[in-house]
Structures are given as C-alpha cells and as structure tokens.
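Both complexes below contain chain A, partnered by chain B and then by chain C.
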Partner chain A sequence: MVKRRPPADKNGLSDFCGSLARHWNFRSSFELFRLNRPPASPPQLLALSAWPSFEIYAEKMSFISGDGSYLLRVIENKMSGNLEGHLIHSLPQKYQQVFIELEGLTGEYLTDSHGLVNFGKIELDTSRVRVNLCSPVAIFKFKHLWSCPAVKIYPELISTGWEQTVLDLEYFSATPDQVLKVQIGNIPEGREIARVVLVTNQQETLIAVPQKRLCLFELPAGARDGQFNIYE
Partner chain B sequence: MNNKTKEQNNSSPLYLDNLFNQTLASISSARDDQQRVKFICDFIWETIDLEEDLTYSFYLQISGMFFYLTSNFWPEGLAPDDLEIFFETGLRLQARLEETIDFLLFKESSANILLHLALSYFYLGELEEGWKSLVKKNRISGLNSFQEVSQQTKSFESLVAPSAQGLKNSSLSNLELATSYLSRQATRGELGSDPDEILERWGKYTGFSSDSIYCCLVERESWLQAPAGARLSRLESHCRPAASSDSHNTFRFFNASVIHLDEINNCASDALEAADYLMKNFFRVNFPPCSLSISFAEKKFLYGGESLGLPLALLAITQKLLTGGHRFWFLFPAETAYAGRVDLNGEVLRIEPEALELKIQTAFFSGLRYLVIPETNLKEGSAFLYKLLSRYPFRRLELVGIKRLEDVFVDNRLAVKKSLPALVWFFKKRGLVLKRAAGLVIILGLVVAALIIISRNPVFHFWKNRSPLLVKAHYGSLMAFNQENQVVWTYKLPHAFIPESLSQKLIDINGDRKDEILVAGSYRSDELLNSELFCFSRSGDVIWHYKPGKRMKTLADEFSNHYVISAFEIFEPDTNSRQKSVLVVAHHATWYPTQISLLNDKGYLTGEYWNAGYLGEKAIIIEDLDNDSWKEIILGGTNNDFQSACLFVLNSEKISGCSPASGQPEFQFRDLPPGNQEFYLLFPRSTLNQVMSLRNYTNLIEISREDKIIQVTTTEYVKEFNYEIKYNFNYRLEPIFSRPVDVMTEKVKELIVSRTLPSHALTELQLLKERIRYWDGQGWTYKPVRNKTAD
Partner chain C sequence: MAGEKELLFKLLAVINNNYTESDLEELILALVKALLPAIHRTRSFYFITGPYNARDIAFLTVSSLLVKDREGRFPALEKAFNWKVVERLTISNEAVFSAYLNNILLKRLKQTYYCLGREIRPERARIKKEIIYFLKKSKDYQLIKDKTTGRWLVRFEPQAPAGRLETKKARVKEPEELLAICLNSGLGGLQIPKFFKKLAINLNKNKAGFELPINDLLIIYLRTQQHYLKQEVKSCSYSGHKVTVIDLNEIFTVWLDELRERNQQLLLKYVQKKKLGLQEKDSYLRALDDLFADWSQGGQENSLFYYLQKYQPQLSPQAYRQEKRKIMEYLVKNSRDFLKSKIYDWQSV
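Take a look at the complex of A and B:
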C-alpha cells in the first residue's frame, strides 16, 4: 500500500496532477518481487556496536524481477525524508525510462537515464507494497530531424514482434511553440501503444498518451537530438 | 566466452546485491575499523569497472560509512599499500558521488588517511614518501571544493621530496631517522604541525612501563579459528597481595574472549607458574601468593592462543616484585613487543610459523624496534623479515630470540632493571616497623621529658601540700615551701635577690579567701641596690609586682632610681571596708629621700609621700587615731633637712606631697606639692646628740590602744648601748612626757663629770618635750598643732 503526498514545490505540482490523471494501463508490464531479506543497511547490521548514525542513504526495501535481471532498490534519504528508486539492470536501455507503478498509488513514475526515480515523501507499507515495471517495446533514435518538416524513423532496439513499427514525424515550427506530431505505424496486430516518451538531447523527458496512435509534443527550445520510447 | 559470462555475472543486479550484503555482513563482524574500511574498499575495487549506474546506489549507501570510519580511525600495523588504497578509494568515491558527499567529511577522511600513511612510511624509514603524504594532506586540507580536488591530485605526481638518502644510510633507529628528517623539514613550513603529530603518535612506542607490555598476538576468527591477522596489543596487569598467606596465586582476565577463555586461563596459569619458578630459582626471592588482574588495553580483542604466555609471565614477575616491596623490579620498553609460549620452568617454546609470519608483519608495519620471539623461531622469523625488508630496506626492526624467560632480564634492550637505593628501600620495606619503633621512642621520650619536667617543676607535684608557707630566695629564683618544708613552686627572678633582704607576708589581699604571698627583696647587683615587691598567688603565679621609687630631683641634685624597700605593711585603710592596701616604705639606696607608697589590692599606686630622710623600719604604726574610720599611718625617722628626728602622721585615705622643707635647695623636691600629712613633728636634739653624734632619729614607735598613748623612741647616741629618749603622746599628738632611758642618764652624768658635756645636759632631758616642733602648714611651732593644709 502506498500513500502519496502532494509535492511541496510548484514545479512538481503539474507532474503530480498529470500522474493522477493517468491510469496504469500498460499491457507489457511485469511485477517485481520483494527481496525477502533484511534491508542491507549497516546500522541494522552493526546495531550492537552502538555507532552514531552516519548513514544518510539507507536501503528501505528491494525488489527483483522474476528472472533476476531487474533490481529495484528503494533508498531513503534520511536528511530529506525522500524515497528514491534505483533500478538496476545489466543493460542500460532496460533501466532507462522505465515506468514504475507502486500498487495502490494512482499514477506512475518514470526512471531517468541512470535508472533513478524520485518517489518523493511517500509512506510505504513495507509488508504489502507491490511494484510493476514497464520497459519500452521499441526505441527510436534521431538526430537533427527538424530540418525536414516530415520524416519516418525506424526502431533500433526492439522487442520481439515490434520490428516493423515506424514513426512518422511531422514538425511544425510556424506556431509560437515548436510542435512535433508523431504518428505510430505498423503496430503488430492486436497491440496498442500506451505511452510515448520523448527524451531530448538536453535530458528533458516528455510523456504523451497517444490517441489513435497519434500524439503531439511541444518541443523545448534547442532540442535537436533524442529518442522516442514507445510502451505497450 | 567464459570471461564474457563472468563479466555478465558480475554485472548482474542480483550478484551485486549479494556482494553488497556480504560486504555489510563482513563489516558487521569485523574486529576493528580498519578491517571495516578494508571490506568497503574490497567491495568498491571489485565493482569499480562496472557501469556507474549499476553501482551508484551501493556506493551512495556505503560512502557515508567509509568517510565516517576513515575520518576517525587509527589504523595500526597496516602496510602503506593498504593506506594508499584507502586514499584512492576516497578519491574515487568523491569523483562519483561528489553531489552527495559532505566535503568537510571528505577532507577529514583524506587528512586522517594521509597522516597515517605518512606515519606508516616513517615507521618504515621511507622518509621521502612520508614527507609526500604529509604535503598531500596539507594541500587537501587547504581546498574548498570538490572541483579543486581533481586539479590538486594531478599535481601530486610531480611532488619531489627533499632527499634523505644520507640519513637513511646512517645507523639511526627509525624513530631517530624520522625525528631528524622532520626537524630538518619543519623549518620549511610546508608540513605545519604534522611533524609534531607524527612524533606524538609515535610516542606510544617510547618510554617504559612496569604495568603494561606490548604483545604481538594473532586473532582467530570463524568457527575454524583460522588466523585472521596479528595485532599489537598492550597487555596491562596489576597485582595485589592475596587475602591470606596460605592461599594460591589467583588471576582474573577482564576482557578475554569468552570463546577462548579456557585457553587463555591455562596460558595465564602456566605463565604465573613460570614467573614463580623464575623468581625462586633466578632471583632467589620468595613472595607470598598474590592476585593478578590482567586485561588488554583494547576492549574488542578476540584473542585465543598461547603466545600470550611470555609477555604475561614477564609482567607478572615485575608486578610481583613491586607488590612484594622488593628492592628491584623491571621496566619494559614500549619499543619492544614480546611473543612466545612459556612452560612451567620458564622455557620459551616455539610458536607456529603461520602465526609468526603474521606477528612479524604486524611488528614490521608498526613503530616497534624489537620483537622478542622464541629462539627456535628465529631462523624462519628472519626469513620472513628479510622478505619484508626487500621491499622496505630502511626498516630497522630487530628480532631477538630468547631461550628462557631470564634472557629478557639480562638484555637491556628488552627490560630495564630499576632498583631503589638501599636506604630508601630499607625504610620502605621496614617502614611499618620503623614507624612503630620511632613512635615508641617518641612516647618514651615524652614520658621521660614529662617526668623530668614534673620533677624539676614543683608546680606539678600534685601529691604535695599545695599551701606555701615560706618563700626563700635561692640563686635567681624564689622558692615557696609548704609546712613540710617541701618546695611547692619556684619563680624565676630577673636577677637574684639578696637572701637577707627578703621580707614576706602571707595574707588574703584580694578577698578571695586564699592567702597571697607578698615578697619584697633587693636584687643582688654590682650597681646600686634595687628592690621589688611581688604578689604571688598560692600556686606561684605573679598577680602583680611593684618597683618603688622614681628619678627624683631637687633644686640642686638628682637622685637615681635605686630604692630599697625597708618595710611594707598590709592593712585595711577604711575600717568599714574589707579592702586592703599595701604600704611600702622604700629609701634611696644612697641618699636620703624615702618614698612612702600606698598600693591598692591590685598593685596600683594610689598615693605617695616623700620624706627628706630615712625612716625607721620599726617606726611604723597604723591606727585610726581620730575615729573617722580611716586609719592614720604614723611613721618616724630622721629629717636630713632639719638634721633631727621626725615623726609624721598620714591619712590613709589620701597621701601626697613631701615633708616640709627649710628652703635649702638640696632638700626642696621638684614637681612635688606640699605634703598633706596631718602632723609633722621634729624632735629636739639632746646635747649628748649634738656633741657626740650626727643627728638623732626615731627608731621605734609603739602604741597602747588601751591607754591611747603613742610611744616614740629616738636614738641620740649609739656606742655599746643605744642612748635613747622616749616620748609619750596622746592620739592628738600632744606630748605627755619625754624621758631618757637610764643608760643615757648615766652616760650624760658621766660625760658631765668628765666635762665633756655641760651641766645642763642632764636637766634638759626632762624638758625635751617642750622643744618638739610641729608643722602647721606654714611654719614651725612648739605648740602641738595639726597641719592646716592637710585637708
């Protein structure tokens, strides 16, 4: 069980509201299992030695995927009280931009390019919490595309069955904001795209929920390179 | 292919998590902080080549502990390589996690590691490397941000230390090398106060102690009890005598590992037996059983082995010597560590080679100078040592092999004999007996002194009759005798009295119902005579004393202050009062003035009268002549001014002034008022007196209270008889008759026949009373009158 508190800062508020609006509807998500061992935390292990508390970052709990390839370590920052998730996998594309659901909490979290996610000040019921992950089914990388108003790009890292998927990009620069229209094509039969994530060269991440395989992104100024991740 | 699989396995999240948890488990069971840090470093260096994102959360979590531990720990016995790794680990962690690491903590950690790195290099004689470490420490301490750290660490490569090759080739010890090198560099100012700190930390390996000793022991861990590493630990011991002399030696090991308690107890028991054996057979001393308390200076020390035997036996010997109060004992140098087993006969037995290697390694990387091991281990020990010396050739650690316990005590490098000077030891050893003897002597002395004092001072003769009856002058003292003629008390005079001059009266003068003794006497002197009157209590205390006279002046002469008391009387001046006064008659030692002093019962002078001539000792009568309750003092003598016998009456209520004067300057006293005497009479001189003698004088005054007659006797001439004339007066001092004594009448007749005297010399004798002169206050008259100025 998870209770989520609204963020105190103004910037985090829009993300918070957006995450509340979105419903976890990933088809290709999978559950992580709680690692049944005491948290690997020196104060617990060294309790008898009566040391002063020097540990700022302490492991709250850890979760592992069924095949053992994913490890999610929930670390508590004792100074701020924030919980951070550290998603680990041997392959970078597997922990970068991965959606995480803490069951019981409306909304979702997305890891950054290092596999980190900030859960904020949430209260985790360590005995009942469940975690789901959704990693991208295909990743499309691009460079300097905005010189052409319309272009097709093809996936570089693909899950099985998503090899034919293609993105039609249309760039609108007439409006005050730069807008990118993304049309997803050649999706395997019976499958649907739940999210499209744009990661720009400036490490900015934009999330879109496609409607009829179409979505629009308001591009940040100077964003030239990046990648699209699509999630089923 | 296999390598690839292994790499994949190493980067597997589950593998990382397991490795991390194993590391934490190892840390929790580590024996000390330096081992904890070592485990952390092992983890970090095993995973350092992995993707940063994989290890980030683990490093984040463990870095706090690393910096906390390394900023406070005090590593010992570590090779510099290990410390270099610690320092490098810190740098790697800060490079990866600089946003989450506290910069001050990082600086403290680096400074502490580098200081110990420097110390480790100085221990090994690697002076230049030690210098570099201290410079690095100082430079990092001066940084303000992580950005500066990477720039600064790059500059470390180009550090060039001042050469110490000449110094290193000398035969100095490592401590001397370091002291000499650091003192040379201290002037350059690059090292700040670090040289002092280095030498201060080295201080634990200097000095001597009789209650602690360094031992190099191997810790064992896990259920297999495998040697985990050697540690240099300070073994402490204190001894006290056993409760009863027939009991056995006892000991208590305070912080021994519970797992190894039996083993340690057996070892300690053997060591104590060996110590006793050595004392008996080598030092030839026997001590009563004692109770020994033993502990390691470090609290967490899981030791279990037998090489504790040698240091324990050595410590037990010196502690027993100290406790037994023996003249000598031993101090063990802190630059020496001991390791070895001992049997009951004091033989030092071989130790396991594996343990020996660890011990030598630990001693090698410490500040020790000597390591004492069994002689049977010396060969292999030397091999281990040479191996280490091939890497650090300037380390001056000596292995000393011994066969038996006593070998330690004959080598000054290993134990220093300390002994007390013979006299000090004798007093310390026999202190109690001597104290008792001294106390006894003092008590005896006090008793003897008390007896002497009591015997010499009659005041303390409590068994005697305490009432003095008689006072005698004896040399310079007055001695009071009781009825049994025993000395009751003595009084030391300022000068000796002439015994013949002593006069005394026993009377209760102050109304306390106890008699006081008034004693007057003249001091024996080669000068003019001098008298003093003392009033003693019954117990011999002086209540008061009075010295008569004063320096008197006439218009022509000055008389010195030398007066002789001729008489003194105690009387009650007022018949209505019990208060007493003392009348003192004192005449000048040479000349004529006589002082009549009146003192109260406290010895204060209340009045005085001066007469220009001597007064007769028996010519004193005190009587109330006029019934006014105040007694009159009737005195007689001679008056030098008028060259004739005199008699005068003073009122005891108040006396003052001096006798009437004729006007001759040598008889007119200065600063004295006219006398307030009630009567002053001058007796006529008979023809016999005028022809045969200087002047007549009053020598006796008697009274008949029944007839109310005062009889006065004047002496006219003295040869074989006293030729006297007797005058009778009534209480108003009116003459009743004058009559010569028979011898005088016969003498006058004889002298008339021989025509020496004229014929009227006989007839005048009956008429002398007609020629008595009275002072009326203004002049002389032949009528009996009272002095008009008396009131």
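Take a look at the complex of A and C:
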C-alpha cells in the first residue's frame, strides 16, 4: 500500500526533524487484516511453579496478510501488562527485523531475530486498530570489518528493482568511538531509503535515518560481523 | 540563556524514553541551530569532497547522535549524557550545561568532518604516510604520544638564534592559526619535506610553537595545497590563457563501462570452456570493479588475491596461486592495457 507522505517544507529542517522524530510512512509497507477467529487457548503455568492457576498470556488479536503468508499474533502478558507481537512467516528474512506500525500510535516497532516485538504498555482499540508491516527491500551482510577498512558490499536478499543497490562501508577505528560510515549507492530512481538497520553479531540492533544517503553508526564494542537492512 | 534549562529537560526526557514527538523535534531543531554557527566557522578548514552543505553536515552530526536501538532508546546520546554527567548538570547552572552540550556537539562535528573528509582515502593515506616519514627523520619536529588519549601528536618548539637569550614563546593552539601561518608564508605548491622545513623557519621567526595531532597537520597541508591550486587556476584565467575544463572522471566512467563489458565477454569465454562457474564469474567482475574504483581514487591498495578473496571468502592463497591467479592477472593486464590506450588516444586528440 503506497501512502502519502507529509508535504516537504522549503528549508527541509522540519522534514529532517520529522524523519527522525515521527514514525515514518514506509512506502513499501502493506496492511494486515484482522483475523476473526476464537483466541487460542493460553498456556498455563506449570503446577510445579507453585503459583495458582493463572493465565500469563492472553491472545488479544491476530492479523493476517492478504496472501496469507504473514500472521501477527498480539498477545498480552498479564504479569507485566505489556503487549507483545509475534510475527510469523515461513522465511526468516520476512519476520526478522520487520517494522510494525500500529496506526494511531506513535513510534515504530521492530521485530527481533525471532519475529518478536514488545509493544509495551499501550492502549489498543481492538475494534479499530490497523496494522502495517514493512520488511527490508535489501539485506547486506558483512564479515571481518577490521581486516579491510573500506569495502563495497552487495545485497544478498533483494526486492525487485533494488538489485543494483550497493553499500560503501568505511570503518574508522582511529576515532575515540569506532564509527562505521555507510553510504548507500545505486538507489532506483525516484526512491528513497527511510531507515537503515544494523544488526551486529551480538544481536544488537541500531536504527538510523540516513541523511543524503549516508549514515554514521557508532559500533558497539566487539561488533565485527553483521548485516544491514534497508527500508523504503 | 533561559531556554537552556528547558533544553536540558527535553534532553533528559528523550534519554529516559519519556518524550513526545514534538519534544524530540524541538530538541533536534535546537541541536541543529547550535551546530550551524560552528560549522560556518570551521567548515572551510576541513577538506570535504562530497556535496555537503552546512545544513547537511549539521543533520548528519545530529542524526549520528540519534541512532536508536530496538527499544527506541538512543545509545550514543545516553553515552554522552550518562548518569554522572546528568547528575552534575542538573545541579549546576545553565552556563555549565551550555558549555558541556557545546563540547559534545563540537566533538561530534569533528567526527563527522573526519568521516566525510576520508572520501579520498587512498590518496590521503599516502600523504599522511609521507608526512609521518618526514617528521620521524626531522630534528625540528617531535612525535609524541598523548598518554590520556593515546593519539600521536606533533610538537614544534621554536629555537632561539645562537647567542641570543630565549624570549617568550607563543603557542599556536588552534589548527586554524597554523593554517593561516602556512597560507601567509606562501607554502603552497611545496613537496612535504620542503613544506615542513619552510614552516619550521617561519615558526622560528615568529617564535611560535605548536602541539597538534597528525591528522590536523595533514589537513593543514592539504588545505594549503588546495588554496595554492585555486589561486593558480584563477591567475591562469586572468592572464587570458583559457583552460578547457574537462571532467576526467566522467570520461573515466564511460571507459570503465566499456571495460566492464569487455571483461564480461572475456569471462564468458572462460565459462563456455567450463573453467569458471557463473557465480565465480560474478565474483571476478566485482573484484575488478573494486580494483577500478581504487585505481580511480589513487591506486591499488592490496594484492589481487585480496580483491578476489573478498567475493570468494573460502579462497585460500594456495588455491589462488594454482587456479585463479592466471585468470585474474590476465584480466587486470588487459584492463590496464585498455585504459592506457584510451588515455593515449585521449591525449593525442
């Protein structure tokens, strides 16, 4: 579903602020539909835990994509009061690091490598809530960054039209913090990158908003391998 | 300064993940506005080749502080304003906060400059190596390691002429001042050894010393040369001698496209003879692309093995020597010959 973005202002200042502060209407996002079915039976605490019989999790609602390939289960953790999302798809790259937007709520939610996302303590209007998903348009993997301070990497998993995209990585170890400069090149005409996500070997995730197709990441200590996901 | 305390509260709200979109927007605006004067003041000192104006640099600097993690928190911002700093800032006055924020922003700005400035990396690395080589041999300059930061600094102490009493020495604190001295002394167009020898003579005359990081000296050298070249071009255009400006990069890109096509054809022949697989063919092409990029930016950095190994991670040096080297070297030789002939043709026209 292609959505309209807020109008660009002349000096670009509020555009920039908006792109960093507000949640972004991803161009390549699509809507999930409410799945009307009785909630699944919740797991019970084991008797051995010595707690009274109590439902820890309660399924709030489920959503499904138009082609039936995606399933999102929204579950409430009754102990903490948090809502959690479980995104399910047969392919890992389709449920890992996917942005989930809940319409009417600020903030973007990103799934982890298991397709889980913690929405926190939010109020969901179950009758009107709408959910959009945005998966990466291209995934780039890198290894042993320290051995080569400047590399060009090519995408491994790509959406149609993004085959030519390349990332130029430059690793700066001389600065007080280890900085990784990421320059995105060969983007299809008329398209823009909304977010760049870096997932390091230690499963740390950093989300950046590129400026002039350029991002500067301060690397967590020991991060050498990982992947970049780009989102439109 | 009334707004400073408010800014601190906004910053704390953002750090504690308890903010609204408008809080974050206002904070970003304030940071960008605080950065712009500093960028206008310092930008000309740094050698940035990319098409970045002052606002782009400000945005880049701020956005690097606002990289989020999955929980929506900002690790870089939290690191800069850790609990000890926050504790100190909340009980101190606005001027202290303002100075600290300014300091953080300037440090970040310097980092951005450094990252943007490295865009002509191979050439700069070569110049830096030459500077270090000269400074190590020189008796005028000293290379010292800063114990706190671990960085290498270059120290120059002016020497009083023989037979005279030592007078008060001035110290150049900012790299901008040293750059001004270089420009005023007309040090442009000089090779590295001559440049630093003449600089030492001038500093001795002015009785000025300095202690600056090597990277700053590199930038000073580059800026002086850049200024000299600009002046040269200007003087040529004033004297009526018309210089035709031809963008060699553009021509080079066209040649490279042609070259890629030729290499593709050559590699297809190998595939047809079943000496290469299709995937392997692509890895050769990518390795050659990297090599050409390095050629266009100043020179080959590594042996051909490393260029190919990047796209064939399993490739061992032995396997390369036995099977791949012949093909790779043949392609590189062909490419070099092709470019040479193109350059000769272009020059003769």
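Please note the rule applied: the second predicted complex is superposed on the first by the 197 of 232 C-alpha atoms of A that agree within 3 Å, B and C clash if a C-alpha of one lies under 4 Å from a C-alpha of the other, contacts with A are read in each partner's own complex, and residues count from 1 in each chain.
Simple rule for what comes next: a contact is a pair of C-beta atoms (placed from the backbone, for glycine too) under 8 Å apart; a residue touches a chain by one contact, two chains touch by 3 or more.
These numbers were taken from a predicted model, which means no experiment stands behind them.
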item	value
Superposition on chain A - do chain B and chain C clash or fit	fit
Which of chain B and chain C A:70 touches, first, second, both or neither	first
Which of chain B and chain C A:214 touches, first, second, both or neither	second
First, second, both or neither for A:58, with chain B first and chain C second	first
Which of chain B and chain C A:143 touches, first, second, both or neither	second
Chain B or chain C, by number of chain A residues touched	C
Touching partner for A:152 - first (chain B), second (chain C), both, neither	second
Gap in Å between nearest CA atoms once chain C and chain B share a frame through chain A	18
Chain C to chain A touching residues, read off their complex	20-22, 24-25, 28-29, 32, 50-52, 55-56, 59-60, 62-64, 66-72, 75-76, 79, 107, 111-112, 114-115, 118, 121, 149, 215, 286, 289-290, 293, 306, 310, 313
Complex interface listing, chain B residues touching chain A	8, 11-14, 16-17, 20-21, 24-25, 27-28, 51-54, 56-57, 60-62, 64-65, 68, 100
Interfacial residue positions of chain A with respect to chain C in the complex	11-14, 16-18, 20-22, 106-107, 110, 112, 118, 143, 148-152, 154, 170, 172, 174-177, 179, 181, 204-212, 214-218, 220
For the chain A and chain B complex, residues of the former touching the latter	35, 37, 40-42, 45-46, 49, 54-59, 62, 64, 68-71, 73, 75, 86, 88-90, 92, 95, 114-116
